[in-house]
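This is the structure I want to talk about, given as structure tokens.
All chains are identified by letter, namely A, B, C and D, in their written order; residue positions are counted from 1 within each chain.
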Amino acid sequence: MSEATPTGPHGYSAEKQALMARLKRVEGQVRGLQRMVDEDTYCIDVLTQISAATKALQAVAVGLLEDHLRHCVMQAAADGNADAKIKEATAAIARLVKA
Amino acid sequence: MSEATPTGPHGYSAEKQALMARLKRVEGQVRGLQRMVDEDTYCIDVLTQISAATKALQAVAVGLLEDHLRHCVMQAAADGNADAKIKEATAAIARLVKA
Amino acid sequence: MSEATPTGPHGYSAEKQALMARLKRVEGQVRGLQRMVDEDTYCIDVLTQISAATKALQAVAVGLLEDHLRHCVMQAAADGNADAKIKEATAAIARLVKA
Amino acid sequence: MSEATPTGPHGYSAEKQALMARLKRVEGQVRGLQRMVDEDTYCIDVLTQISAATKALQAVAVGLLEDHLRHCVMQAAADGNADAKIKEATAAIARLVKA
């Protein structure tokens, strides 16, 4: 949890259903990976599927980040409080780039 | 599926249980993400968890790759057939690096 | 070039000297890589140095992005024009994450 | 330096010139970045160029890794010494994936 975790709806709330659908799809990919391993699928094909799941997760992250900038950071800017939010968002971007 | 997908046990077979356990853990992380979104968790905390799941998936991939080099590629080398296997493994590494 | 490239000083202008110093350091790392190759340095050591240079470049990018959010995007928000800027910044983040 | 750094020509030696040319190109990209910053180029365009330089560096790394697998690791395998080399290569891959 980040230090002062705001409560209530957040940047992604308007697109919660789409976000949930994407995460369900990633879950399906990870379960597919288990099936592949269970059925002794060739290593390289398992690796290809891991790359696909990783990409899907990162696309979810980039989408979330856009919602966050569009709503939370803009709201903070309107409240004269953008500085801390930008620092926090940048740290999240740094984690994503390195992930 | 890669072109000439070998059948039977592969490089990771000896560590299948450990691999399955790691993939179960990633599945748990992705389900945790769904719960976080469902409960309107703060965007940045969701992003942190996505970075963690991505890292976990990539660690699985690196482990698989090591097993693949150690078993499949070495076997191919013994059969005088390393060249194609190395090209294939390199392509998988390139996908991982970019993922 | 992006479509409507704004002219004049940008988000990073205040920290131009620090940014230049960091890019000079990356240039030094890339020249060091050439020296290593020229002197037949062991592959793995060259790879370690490439990872370091890549990380340094990505750190420059994350810093630039923070400056961009703090200045250009905030200015656009004040002008009631944040939407396009956020879309543009998100696309840059997506390129970084995939890079 | 890695622990037991082998001396003499390595996996990439046969393609030293091509490798040098690629590193020169990356150096040119990094100098281009300095010029862009010096001329107050728009942040997003600088970021696009950083992503390109990062990709170019990673492509060099993947190429080096392929040469390393093809020559050094195969030689080690012929000498009955593949194990340590594969562990070392995997660690380098892990650094690249995270870089």
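The rule is simple: a residue touches a chain if its C-beta (ideal position, glycine included) is under 8 Å from a C-beta of that chain, and two chains touch if they have at least 3 such contacts.
The model shown is predicted, which means the values in this text are computed figures rather than measured ones.
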Most widely separated chain from subunit C, with each centre as the mean of CA atoms: B
Type of subunit C:subunit D copy interface by residue overlap (half), same or different: same
Between subunit D and subunit C, distance of the C-alpha-averaged centres to the nearest whole Å: 19
Intercentroid distance (Cα basis), subunit C paired with subunit B, Å: 29
Residues within subunit A bordering two or more other chains: 55, 58, 61, 65, 89, 96, 98-99
Of subunit A, residues touching subunit B in the complex: 1-2, 5-13, 16, 19-20, 23-24, 26-27, 30-31, 33-34, 37-38, 40-48, 50-51, 53-55, 57-58, 60-61, 64-65, 67-68, 72, 88-89, 92, 95-96, 98-99
Subunit C to subunit A touching residues, read off their complex: 55, 58-59, 61-62, 65-66, 69-70, 73-74, 77-78, 82-83, 86-87, 89-90, 93-94, 96-98
